[in-house]
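See the structures that follow.
Each of the two complexes below includes chain A, the first together with chain B, the second together with chain C.
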Partner chain A sequence: MKITRGKWSVVIAGVIIGLVAAVLGHFGNPGNMQLCIACFIRDTTGGLGLQTAGPQYIRPELIGIVLGAFIISFIKREHAPKGGSSPFTRFILGMCVMVGALIFLGCPIRMILRIAGGDLNAVIGLIGFVGGILTGVLFLNKGFSLKRNYDQPKLEGVAFPVVNVLLLVLLIAAPALIFFSEKGPGSMKAPILISLAAGLIVGIVAQRSRLCFVSGTRDAVMFRNYFMLLCYAAILVVVLIANVISGTFKLGFADQPIAHTEWLWNILGLYLVGFGSTLLGGCPMRQMILAGSGNSDSAVTVLGFVAGAAVSHNFGLASSAAGTTPNGRIAFVICVAVVFAIAIFNTKKSTAGQGVRA
Partner chain B sequence: MKITVDANGLSCPEPVLKLKKVIDGASEIELLVDSQTCVENCTRFAEKNGFAVTVAGGRGQFVMTLKKK
Partner chain C sequence: MEYLATFHTHYGAVQFNKRRNAEGVQSKLMPVPRELSANCGLCVRFIAPAAPNPSEHEDMDKCYAVNEYGEYTITED
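Our next item is the complex of A and B:
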């Protein structure tokens, strides 16, 4: 039996995710933000009232992604409750990654969607993203590790999907205690059922293809394995074609949807995302998939994203179309220092040799 | 001589890095990992380095046997 998947499997995964993004855009999701894990976590954080200054909407796409990953990992007998690999450090890294993403205005998948929409600010940001991953790789090669995880009780592995079911109930019941944006990106949304179905498809496809926007670049550098890059290319091409057909493709720097033109901060924001995500072992989307598949370290990381989103909007760190904020620039410096400290303190030359016996 | 590498509980790329460290000069390696993703990543790396890979076990417990072709 062949153990690894062929190249076509990741290309097909990319095409499906690209098509899903195009459909979400068609049905009302914000421009070049058809699908974005960081932005949607921020929206959900707002919907729950944990941040009150930014967009507010419990995004069904995220619920679908988690449940899709949960269902398919269960069917494929890959669902396994695991946790205990430096959970609090992961929480902090998750916060820092979110601060970076909200300085740039998007996580890696939105970076690709923005490029596919002709937003050249995202092409500039890509430089920082790759730079961040390379910095992470440097530490990985020197023995960086958040140490191993351990088996956990069954409940620990299903708690996160259950919370997502509860979020869905909240969204549909829409009691007065949750929040809905009336204008801005939080008010731009595809119908709930379409968003949920789209999320389920993305969750299933991403779980099967192991899609990760960090690991592809990381493995290309570390192991000369260019496999996953094909998936990114497929998403880019499909969304680009969809944008050209629908007339939403617009090449340039200025007046791009939900984006700013401060090139240095676009680079730095994504540098933080790339560096932090490499230390976490995966991009925000991958963390969602792993959290759905029973990994409670990833669930804690997602809570870190939520905390990062809350802090970013409540303390005015997040950028807007007008640009970055002074608080955001200070937060960036603090977050980069924190991520470097985490990288340095968890790097020991001897760890790669542990567990080897002849 | 057979080398055993225990990468249980580690998430990628750490198992591949551990493998990378011992793969030069080895003829047979037993690699213990606990996720399907790690099995796939390590297989890809091992095959690229001229090893034949067989996998036993499942659901959180995999024993990979790598033999130099």
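Our next item is the complex of A and C:
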């Protein structure tokens, strides 16, 4: 049991996820959106008719990620029904994170994929993402806590994976009550089986490696532990190579797929994602993995993402290639205020010693 | 003896580490080693004459003794 053993495993995890993303892109997923938790949750929200203004498609990748994490955590005896750590606060944080992600147009994994596609707007956004994480770390060091979770009944830990199986049944049966985009990003998709298999692989790999875009960055700034950054670098390099080979690599700001060039809002959107996710203890992908592994607080957080996606498109908060919207900018201010309020009211005054290095 | 304690919350780990530091005990915060947990939280690695009882420290989950090879054995609680 040597700690260093994990170093290679995160690089391999990054390479696998990068390859999966490249395959998904090859088989039809949208440009620089081969895999994106926020966008795909938004698509699924639309597929269920909970938002009617944006893309609509129940993405099999997400179902695969949850079931992959569920299966592997079960096999490895790491599946543990846990919950009860401020669930409604997590729901609200989830909503705010989604609003931020849809202002930027992507979650942290899409940020990496956009950079790998040459989209410099995402490089600018990265500044905000790191800034948001630093703000969150500041509160963690000052004593922020959503309180501990507790053991839950078995059903609480398997309900979320079961819901995902039902989503898969809905997608395959395709009754008239679910929605499929006929044009735009929601209509661009890899075949169901490939998407599902891709999701399963990502779910398994991410559960084993504990891949998280937020906690990896947090550990880098808090402990100078650059372990997980190797994983991000591996994803970036693999997808970059795939983009160069397929001719989809295009360096620049303008005319990038499903992206806008309002630099300030790219920074602020990801700032909200970074800040909210740090308080939640994990990025959107990590929440999916934890939800699959039995954590019902993360399942509630995912429902918060769904609510955030519904609100974002129904109220016109989400950005598009044309840029941000006035409503989106107002929503950002409200969400940042809410996240700060949650951070402040859940921070206990420290009772001992001096702080740790931020 | 060197120990490693895992916590239910970040808060518990940060506070426990601060107390050890305030007592002048060699102690540091670090990410939880993968083999101990599938979660991505923080743990505290510290020197103590005897294993602490997890139930006596806020939000402490488990405590492991760390041997010279860096292997972990859970302590009795």
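Everything that follows uses one rule, which is that the second predicted complex is superposed on the first by the 344 of 358 C-alpha atoms of A that agree within 3 Å, B and C clash if a C-alpha of one lies under 4 Å from a C-alpha of the other, contacts with A are read in each partner's own complex, and residues count from 1 in each chain.
In this section, contacts are C-beta pairs under 8 Å (C-beta built on N, C-alpha and C of every residue); 3 or more make two chains touch, one makes a residue touch a chain.
Just so you know, these numbers come straight off a predicted model, no measurement behind them.
Pick one for A:348: touches chain B only (first), chain C only (second), both, or neither.
After superposing on A, A:348 lies in contact with chain C but is clear of chain B.
Thinking of the overlay built on chain A, is A:151 touched by chain B (first), by chain C (second), by both, or by neither?
first
With both complexes superposed on chain A, which partner does A:166 reach: first (chain B), second (chain C), both or neither?
Neither partner.
Could you say whether A:210 touches chain B, chain C, both of them, or neither, answering first, second, both or neither?
both
Touching chain B in one complex and chain C in the other: list those residues of chain A.
3, 76, 78, 85, 140-141, 145, 148-149, 210, 215, 219, 222-223, 225, 227, 281-282, 352-353, 355-356
Tell me, which parts of chain C touch chain A in their complex?
Those in contact with chain A are residues 8-12, 14-15, 17-19, 21-22, 29-31, 33-35, 38-41, 59, 70-72.
Where on chain A does chain B make contact in their complex?
3-5, 76-78, 80, 82, 85, 140-141, 145, 148-151, 210, 215, 218-219, 222-225, 227, 281-282, 352-353, 355-358
Which residues of chain A touch chain C in the complex?
Counting only chain A, the residues touching chain C are 1-3, 6, 9, 73, 76, 78, 85, 140-141, 143-149, 207, 210, 212, 215, 219, 222-223, 225, 227, 281-282, 286, 290, 293, 348, 350-356.
Across the complex, what residues on chain B touch chain A?
Those in contact with chain A are residues 1-14, 16-18, 20-22, 34-37, 39-41, 43-45, 47-48, 53, 55, 58-60.
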